[in-house]
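Shared between the two complexes below is subunit A, which pairs with subunit B and subunit C, respectively.
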Partner chain A sequence: MRRRVAVALATMMSALVCVLGLGAGVAHAEGESIFGFLRNAKGGDLVPVEGAKITVKGPGVNETATTDDTGRWTVEVGKPGTYTVTIDQKSLPKGVTLRNPDADSLKVPVVESQDKPVLFALGKSTRVIQSKWAQAAQLSAEGLRFGLIIALAAVGLSLIFGTTGLTNFSHGELVTLGAIIAWWVSTGNLPLSLPGYGGVNFLVAAAITLAIMGLIGWANDARLWGPLRRRGTGLIAAMIVSIGLSLLLRYLLLYLFSGSSRAYPAYRGQKGVDIGPITLSPADYISMAIAIVVLMAVAYALLRTRLGKATRAVSDNPALASASGIDVDGVIRTVWIAGSMLAGLAGILLGIAQGINFQIGFQILLLMFAAVTLGGLGTAFGALVGSIVVGMFVTVSTLVIPAELKNVGALGILIIILLVRPQGILGRAERVG
Partner chain B sequence: MNVERILINALEAGIGLETVVFALAAIGLNVHFGYTGLLNFGQSAFMAMAAYGIGTTVATFDLPLWLGVIFGLLAAVLLALLLGIPTLRLRADYLAIVTIAAAEIVRLTVRSVTFEETFGGSDGRQGFSNDFYSINPYPEGFYGVGRFGFSERPIWVLTVGWTLVALSCLFVFLLMRSPWGRVLKAIREDEDAVRSLGKNVYSYKMQSLVIGGVLGCLGGFILALGRSSIQPDIFGTETTFFAYTVLILGGAARVASPVVGAMIFWVVLSLTDNVLNEAIDAGYVSTSIINNTQVGQFRFMLVGLSLMLLMIFRPQGIFGDRREIALDAR
Partner chain C sequence: MTTQQGSDDRPRTDSGTEAGADSGTDRGVHERAAGNALLRADEVIAGYVPGVNILNGCDFYVDDGELVGIIGPNGAGKSTLLKAIFGLIKVSSGTITLRGEDITGQKANQLVTKGVGFVPQTNNVFPSLTIEENLQMGVFQAPKKFKQSFEFVTGLFPALGDRRAQRAGSLSGGERQMVAMGRALMMEPSVLLLDEPSAGLSPALQDEVFVRTRQINRAGVSVIMVEQNARRCLQICDRGYVLDQGRNAYTASGKDLSNDPKVIELYLGTLAKA
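Right after this comes the complex of A and B.
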């Protein structure tokens, strides 16, 4: 939708510039001047606007010009410099408005013996051609995409919490790692130079990334969290360790990846595809399909397979599970590997959706916590439901609140949920304190 | 390499503005985490309350500084109440998540364009500290020995800051010696036991949250006055975790440990920063490995790594007692 608007705007602009070009040929000012034509786009025609007041201010100049019956105005400025051109919006005739009411003042540089054309775009703002409902539909689709991505990451977070009790603050870095490793592998710009390696097809790179993420998950448990559990490290201590790990990894990634934002070349600037009022890129539709398939696979595994049942048993009561002959450490190891791969996948999809930087995972960490808490701490399905709710809420709320405050709304909801239903939507009502 | 300058910088960092700020923040956290076992991950929000309390009162509304200090303190108390009401009845990790979320809410709100007229957006607020420096008793000049020392403005901030640190330490010492303090420590050890003795655990936790928050917000005042400007991103989650590292380094549940922790923390960071920078400038380290802008990133990695290692191998820090640290969520 946004792209279509941009095309429409560009056509309009070029039409206006043509008109101005014509005007420039007619102008015979001596020395330097600033001029323009005010013409209102009305049903395809351009109607001149007469009597509008335009003020030019600059070094030694403070002059107001009025447009004539052809919509033309001119101010002789006399010497090169930078001038501020302001249109008096009150002087415009009834029914004529600036397309962008905030852009009533322009700074223009004028060079030697130039007749500088200045354009004020009139007419209805082309940005609000979408109805509220179309916007809501579009935002819901984007929200669903975002929610599914959060869900992929949050399921792992929730399972790790369920089986080990660890509130893993470094889970966001697993998401970032997925995004960044995929970028490294697919473009060939590795942090270590590997002679002769020039990158691979993106899908191959994504597969390699997931394998590496599995290894990272294994290493997380085998080298850090497993030994800590055996030492009997307390849950709060472990939580603080995960904060340290998060800081370490985040800034290590900043060091290796640099602070700039990048995109996967394969998915840069895809054309949007419309379905009803919704416009998303093909990569977005495929991302959503992949996320849904993977989440359904996880759900199936948890409900139907032996390993899944064992996982839920360990989540419920590790001691009892162990006494029933379940290999608790094996289950936890699997959860770590699967959780990291899911987080890595979430990172790749998030990277496709919004570009990659060293803290994309950290930026959604709190939303993941909100999702997990909302759904019920430690329940995998709760995390799923909570994620969709949080993703939708964050995105759709931009209809009414400024986009920069969308996360504030979601985190505020988290606090309110804890007040009224601390066990979350799907959590069992039990004493949690 | 200029060894003298590196050492002087490290010494100045040891008693400098950051040390005071983080000592105060960690003293507050000590009341929360060290004595009560509350996992407050939103200490930066309390500091932001103080800083923006004076920043907006003076710079936005043109009111006197003392009123800003009162507003800052009130805002910190209010924040503690708001955070405590939904979470203090819940398990420790809930408080952690809610406090970190609240800190982000505060930061995102004050840096937003929507409230730019009040809070100044991402540029923050400046020009609110004139009242403070106009009562500076130090005449213009340099105070110190040789090249080690401060000019009249920093020395005035440091005097006020260290006085606050000393008073806060004394306050915490007296509190924790009192019956009230013993109840707090009992809550940390076994909440249910305290409840069965007829104490209102919820109310005690709330009082602890308020007191620790107010002590932490003193750090926010000093930070704002010392820099004469505030930006929202100073109050990110990293600030809270720096304060935790300071506290755990010194040893939780000891009165003086936040102060010692802060001194060691900033001396070490100053040393690593300066040594690395000098080594890069002198060409000992190739800029292809690390350049001057990356030195700052190295600092965060170092803090992260030390937080991990401390918590794994020495959770009691330098002075603490392992049995007294709330390491397990109940």
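Right after this comes the complex of A and C.
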């Protein structure tokens, strides 16, 4: 069993590397430039500074730009390299000074096709420096929110893996579909024209989305995975199919939704509500409450209901479940429908928290896998605990490590925990004999 | 075309005068004896992969209340026969009937409701479920039966009732076997199929399994058991089958089979003579 898990994990990781490789390289070829906005902090407002002179020196470039009435300046440098950007302090209007008069010159690396922003801080700082503890509290709250959202998606992934053995790489796209369908339905900007439809209230749209997600889950099993299973398709082959499906859906969504990032109009720019040192929008608090209630309901269903117990039985031993009189295909169908709806809900909540784009789900796929593996493959409660750990770690670790490395940290902890507990946090070592 | 049972190339006994082992090799005898059978299989041909048959025209029957043992060398098709009866593998030819109803090719979960119970040889419990939940899965299709059946099963295996909240994955092999038998008994089957219930157990535990099996049978459940431990199996059986190359080579009472010189030589080993 442990060996099977290790093999599954290894294949999963290597396949993931392939997918990541395929997903990368969407660069656009434009010239390189350095730009910035010069704004003076004055009484809590930022006032654009016009007429200031900024010089950019570097390989083959010695150019001076002047800020316009919005404070913007741009220098086209034409090729990658390291450039020195200097602000002429004498050109600043009266009463405007650099926050740090010594830092009037910066060395800036520019990579291919990059429009590099460079900022000079003017005036007195408006930022209230938070204590480390306050920051940690804030990040923990955000981490919990993120972890709960991952948990919603990961529980479905784990149940599908448990009952069918499928490592479903297209689970991320189920998350994306949830987010995007909710945006389509709520704003009325459908990819197909539906005359007279102008969108609906967001909560109604969310309910419609979940119904559609249930249908998508049903179709997944009825039209694709069920037939593959009956034909005895191997698990590795099925995993490759799921990678293909993932790519297909992702780029179909790119075509239909476009590559830009959007937000649900109902939740754009909500004002934060303070609870102690934590500031989150009302939508965030409600999202967390919804996630907790739904996850508790799932846990109750798994532990106490007849269908939930049957689901665990099928995860343990499908052949024996069938021999006990359990309709295994029916259980798997239910798991697909419920798993897709949970993923869709995760997508909607993630869309509220950080905006919607065509690979919002793919971006958390790796974290879902990490959560599922961390908690113990195939155990739904493991997925829940693993998700919270991953979500918290990814977010809180930005206190000490650069934000760009946060996902790396989560995978690092995955490796360390699996070295100590190969069966995962909640996975149980089985007695043999 | 009829199968040529008892043809010259297969082992025969010399004690043909008595109603002994030899009588079972005749299809006519099977036809007559199986007339009122609870469960019977006729000329069953089945296998795991197309073109490779494990069962080659196997005849079999069990009467109400009977305890029937199936023995035979490795690869004879003992377990395959149970799986074919229980709808776990495809039967390509022949029929299986339960109380006169043709059940050939029906799925396992349908057979459970018709009163057939099956205990696989390995992986026969749900390890992450508790003992009680394992037994609940046994009556998945008839949850109302749980209370009554639970009392019956825990009466038979008191240890299961005392440790109902323990996870089955933490049990020993013998304890798991009890959970597995208990689960199969929950639907109050009229016939129970046991696939090598004593495999991998210590001699003491093996003995317990045989005693329990006899107990279950006495409670009114017909039992078909496949066993490697042929001698012990034949001791408790009402009737036994010796399977060879996917056909029943002999059938006779357990006692007759254990004393049959040919069976001893071929399947029981010389030690049994002593």
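Here, the second predicted complex is superposed on the first by the 301 of 433 C-alpha atoms of A that agree within 3 Å, B and C clash if a C-alpha of one lies under 4 Å from a C-alpha of the other, contacts with A are read in each partner's own complex, and residues count from 1 in each chain.
One rule holds for everything that comes next: a residue touches a chain if its C-beta (ideal position, glycine included) is under 8 Å from a C-beta of that chain, and two chains touch if they have at least 3 such contacts.
Everything quoted here is computed from the prediction, not taken from an experiment.
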Note to self: Looking at A:L320 after the superposition, I want to know if it touches subunit B, subunit C, both of them or none. Which is it: first, second, both, neither?
What the structure shows: second
Checklist line | Which superposed partner A:Y197 touches (first subunit B, second subunit C, both, neither) | finding: neither
Check: In the superposed arrangement, which partner chain does A:Y300 touch: subunit B (first), subunit C (second), both, or neither?
Finding: neither
Checklist line | Residue contacts with subunit A in the superposition, subunit B compared against subunit C | finding: B
Check: In the superposed arrangement, does A:G165 touch subunit B (first), subunit C (second), both or neither?
Finding: first
Checklist line | Which superposed partner A:I236 touches (first subunit B, second subunit C, both, neither) | finding: first
Notebook entry, point to check: Which parts of subunit A are touched by subunit B and by subunit C alike?
Noted result: 433
Item checked: In the complex with subunit A, residue positions of subunit B that touch it -> 39, 85-87, 89-94, 96-98, 100-102, 104-105, 108-109, 112-114, 238, 241, 244, 248, 290, 294, 297-298, 300-301, 303-309, 311-312, 315, 325-329
Notebook entry, point to check: What part of subunit C is in contact with subunit A in the complex they form?
Noted result: 86, 88, 107-109, 112-113, 118, 120, 123-129, 133, 136-138, 140-141, 143, 167, 169-173, 183, 187, 200
Check: How about subunit A: which of its residues touch subunit C in the complex?
Finding: 306, 309-310, 312-313, 315-317, 319-328, 379, 428, 430-431, 433
Margin query: Can you tell me which positions in subunit A touch subunit B when the two form their complex?
Written below: 165, 167, 228, 231, 233-237, 239-241, 243-252, 254-255, 366, 369-370, 373, 377, 402, 404-405, 407-408, 411-412, 414-416, 418-419, 422, 432-433
